Amino acid sequence: MANYSQVMLMFGFAVVAMAPALIISRMISPRKRSNPVKFLPMECGQVPSGAGRTHFMMQYYAFILMFVVFDVMAIFLYAWGATLLELEKSTILPIIAFLGIMFGAMAYALNQSKRRDIW
Amino acid sequence: MFKDLITPQTANTFIGKLGDILVKAIDQPLGYAINWGRLWSLWPVHIETACCSVEFGAASSPRYDVERFGIIEAFGSLRQCDLVVVQGTITRKMAPRLRLVYDQMPEPKYVIAMGACAITGGLYFDSYNVLPGIDGILPVDVYVPGCPPRPETLIQGCILLQEKIKNMKAR
Amino acid sequence: MTAKLPPGLQLEKEDDKIMTLNVGPQHPGSGHMRLIIKVDGDFIVSCDPDPGYVHRGEEKMAEYRNYITNIPHLERPVIHDSCNILYPYVLGVEELLGLEVPERAKYIRVIAAELNRIVYTLYWLGIYGIFLGHSTMFMWPMGDRELAIDLLEKLTGARVTHSYFVPGGIRNDAPANFEDVCIRQVNYLEKRLRTYGDIFYDNPILIARTENTGILTREDAIRLGTTGTVLRASGVDFDIRTKEPYDVYDELDVHTNVLKNGDSYDRSKTPWLDMLESCNIIRQALEKMPKSGSVRVKLKPNPKGGDDEVYKRVESGRGSLGTYIVSRSKPEPYRLKMSVGSFRNLICLPYLLKGEKLGNMPAVYWSLNYWPVEADR
Amino acid sequence: MSDTDSRKQEETETKLVVEKQDDLPKFEKEQSNKITEKFGSKTEIAFVKPDRVRVNVKKEDILEVASFIRDELHYDHAESVTGIDFPTDKEIEVVYHLGSYTDPKLGRQVLSLATRAPREDVPNPGNDSTRLPSLRDIFYSVEFHERECFEMLGVFFEGHPDNRRLLLPEDWADLPPLRKDFKIKGR
Amino acid sequence: MSVIAPKFKLSYFIKSLTDNIFWIIVLLTLIGIPIIMIVLIFVDLPVHDGELVNPFLAFTMIFHPELAVPFLKSIIYSDFFKIAAFPGFGFAALLAAATIFAERKLLAKMQLRVGPFYCGKFEGILQLMGDGLKLISKEIIIPAKADKPLFWAAPVLFVATAAAFVALIPVAPGWVVADLDLGLIAVFAVIGFFPIITVISSWSANSKYPFIGGIRALHQMVSFEIPLILSLLGVTILTGTLSLSEIVHAQENYWLIVFLPIGAIVFFISMLAELERIPFDLPEAESEIVAGWLTEFSGMMYGLVQLGSYIKLYAFAGLFVVLFLGGWQGPMVVPPFPEEIITEGIQAGPITVQIAGLPIVSQEMLNGTLWFTLKTVAVIFFILIPRGVFPRIRIDMLLSIGWNKLIALAFVNMFIAVGLIYAGILGPGGIW
């Protein structure tokens, strides 16, 4: 398990190494806080109007839902793939059945994802 | 008696002196380094105001290639830019927007007034919708005359600005 | 009337899902104007163009200047197409004052106008490339454009603002070896233009991205009064150079490029075909041009037009440019109206963008061959 | 050619080739005759030049005449809409330049359809008597041109769906700039 | 601190440098040594050769030639060095910086330009330094309505996640920060953090363009993760392992790209999409949504995001090399360490110095690093080229490519791998 902690150590090292960049930048950069316009959201030279965060839905939301399902499927295939050399040849049959079901589901989902009236 | 020595005033003076010494020690090399970085990395904001933008575009073409001087053309957001090249006439409709763009940019920022119209109003001195130069709304660093200026002239203006940045306050 | 033309620009539905985006004036994809775009997710619900950021009152200023001093500021709206934008004005003044232009001047005018069309269209092509994220297609046309600019500089003495056409001819004669240099440069330019076809117009991603987007049908193109490349990409064979030839265009063999589909791809391809055609025209004109002769007639100072009006139009890279001059026996025009192609094409932007995806906005917008400074005047 | 240069030249050098054609061009004459046949005294043919015809109508009749021009004469789009201020006549003239893409015979032709609206000395754009019927339903292409005409001269087009400001700044509170009594700086 | 920096003069510069050194020494002695004392009370000293390395010993070791090499060696083989310098952050950041510069020059050459030229006298090699100094001395603007802690944290987290990705890439045999049994799964886990950070940063900015850009980035990264994961299934099936080091070992004779070209292509395309590079740079599409999710980042924040994305580029290129191009495998080109230095010592005139602990790093490691770096640079080159060749595509085209075409191709690739094994060409008994 020590190895996994090294990934976290690397993560922590990058945080420790990069945070000073922001702090130094904050220290040596000129600051003029007197102008409230500067801190408005950037909107192409217009005075901003409306909220930045709204109920905003891309029409491709279906793909994100599909990701939730098929990501798990993909990782499950790894468990099979990593041990394929040790398994008997007949074990491919349930996997093919599993993939068949998944393909069907995926085809249906892709079909539904093109319908603009739902999303 | 020791308490008398360390009063807030004396501590303040001491720290102030220390700060002064530090400033003298590190400000000059640091300031030089910062200014050097700034002058080689002028990113112009993407705002076209009038017809001089044609020549501004030509300045980044292969023949003139302002990227040699570290100037990247067509940069996306104004938050990452530090140079406003006012490309020509400023109309009354554009002026508040230009000022807003300038205000929203992070410090330090520089302004190049490109073309006769941006300097004095130029050919449009008597038009009802044109400002007589942008001095009234922006602090201009370098004036590049011409109607429109050739790309070489714009590049020379950028070099003048680099010379100016070299001698500027670093912060 | 088809369903694509709603009365006015109302929203289909008004709720909190709709986000208003101000595209411009500080926006890498807007140019000198602002588009108020309402998006519902990835789809544009409505688009309201807001031009006028470079409105400089050219028409009002023209009423205070006489026919000669109007020339420099009337070409400023399109400085990289300054010969063509002056062309209808000069033709109109010539008709008002009753001037006959020498033959050599007419040919040189045509050459200058066609070269200028190449200069303009290459600039347009560069911007179209960078709008689609193709930065090489910005740099190559920008670099090759300098060759045509060099030719024009040799001819007129100025880099972009030429003020070359004057009532009664052209300002000065062509330099001695102009013909040789011109034919050489034009041949090279044509070779380069054909390579653009390989790297840009045949690019599978570009085709997939711009085909069938922003379709302007033939009926709509006529009804909306579009002009120039937009009109010809929609299948209407209309080019003022062939329909109402001015100067010596009737003696040259001008081929009109007409494409059928009217989508963004066709609209972006027509200017490129026009450039190739321009190379052809220049070669023909150089061949037929009288080798010597006067290039302008003398004007008396402060010429006055009669109690008359004149409407002249020419074909430029952006479409038909018309100039309407009302004269009331004074050295200054009583009213001068420039009917410019960009302003006429702007009207179809709301109709084209409605229902398009946001990613198509730059492709459709700039395929209209639109130069905001000209539209604002 | 600069002024100082030309001033040195004698007036005799000026070459004036004035060839006023006495016989009117045939095709254009036919066009104008069709309009006069249909509407009689309602319309006035101002001039018939090569490729150019100008028709003056009253503002009450303009919709009718425009529909006739579109349907019978096959002019299908407007190239420009020009407003001209005539302070001496107390009128503002609006000229529509009409062209045709569909009829190949009309490729050279531009028909000017002119009408006049009353002018007020103290304009209040949109709320005064300077009004004209909008041709937007007949020629779609006039939409932006009429908006421009509205803000530049203060002519309100009735029936236009979108009579908003187009080119001028949002805070413009002066006279409409293309009126003759609007003087620009230093002139 | 507001002093005019006047024209640069060497004498002033040297004077201020000496001033600096003086003050650094003074401050270190006055403040640093007491702090070290206090630290030493609480912290256990490292052990080297059965001895506690106290400061005295450490200084002795540095200046003693016989002790310096083992000491250096023990530092190099420590975890901290791995994380901070060689296979870890320092190496990646160096390659990333070189990539930024190379990209600008390469793009310029493709567009018949020169690119950065005058900064640093020779071909603009100091351009990046200039950009970095500019960015670090630039004001950072935090929008008033933004979610400030998240907005501050996002760039740092982005770099840190990219660094965690780098930690998994083996550079040479044994030279990897974290050699995991399930390395490939860990890679997918780390990749899964990028969309989250993107969405966090774009949401916290509270502005419209970053918001749209963030949502686009989410769609794009999430959709291309599935083809990315599935395209690597063939690698796992053929090698029978999930550890990246073992996958490299398995490619001793044949690179996997020979058997799985389709998988390599699918992985390369998904990689471009995950990296947000043209033609898939939709989250930063300039002409549509100003700079996408980077719109509100200013100054060093933008610099950090750029650094992070190029570190990510290096990591992906390294992953491609490890999985398909045989990692560090390659013919031995580094000459072996001269034996006589170990046995006889260095002869400097009359003196013969026997240095223990040489060689510091093995021949295999140097060779592996060389080949890995060469292959990675080649892959980075191929990642950079499309920027000058292709226009940007549209989000719906991107999604349909990802879901319809690439996933299908990834399954084709998987069945090719299974078929190779079951036909007996590869696997136990085959040519593997």
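Each chain gets a letter, A, B, C, D and E, in the order it is written, and its residues are counted from 1.
Assume a contact is a pair of C-beta atoms (placed from the backbone, for glycine too) under 8 Å apart; a residue touches a chain by one contact, two chains touch by 3 or more.
Since the model is a prediction, treat every value here as computed from it, not as a measurement.
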| item | value |
| --- | --- |
| Leaving out chain C, the still-touching groups | one piece |
| Reference chain D; chain at largest CA-centroid distance | E |
| Highest C-beta pair count, chain pair | A-E |
| Of all other chains, the one whose Cα centre sits farthest from chain C | E |
| Mean-CA-position distance for chain B and chain A (Å) | 38 |
| Length of the line joining the C-alpha centres of chain C and chain E, rounded to whole Å | 49 |
| Centroid distance [mean C-alpha coordinates] between chain D and chain C, Å | 23 |
| Euclidean distance of C-alpha centroids - chain B vs chain E, Å | 34 |
| For chain D, residues that touch 2 or more chains besides their own | 168-169, 177, 182, 184, 187 |
| For chain A, residues contacting two or more additional chains | 28-32, 38, 40, 42-46, 50, 54, 56, 58, 60 |
| Multi-partner residues of chain B (at least 2 other chains) | 34, 47, 62, 74, 76-79, 91, 93, 97, 101, 104, 106-108, 126-129, 171 |
| Every chain pair meeting the contact rule | A-B, A-C, A-E, B-C, B-D, B-E, C-D, C-E |
| Complex interface listing, chain E residues touching chain B | 1-8, 12-13, 16-17, 19-20, 22-23, 104, 108, 111-119, 124, 126-127, 129-141, 209, 284, 286, 290-292, 294-299, 302 |
| Contact set on chain C toward chain B in their complex | 25-28, 31-32, 52-57, 60-61, 64, 72-73, 76-80, 123, 126-127, 130, 138-140, 142-143, 145-146, 159-161, 373 |
| Residues on chain B engaged by chain E in the complex (per definition of touch) | 21-29, 31-41, 62, 65, 67-70, 74, 76-77, 79-80, 82, 104, 106-108, 166-171 |
| Sites on chain C touched by chain A in the complex | 16-17, 19-20, 22-27, 30, 34, 41-43 |
| Contacting residues of chain A [partner chain C, same complex] | 43-46, 49-50, 54-60, 116, 119 |
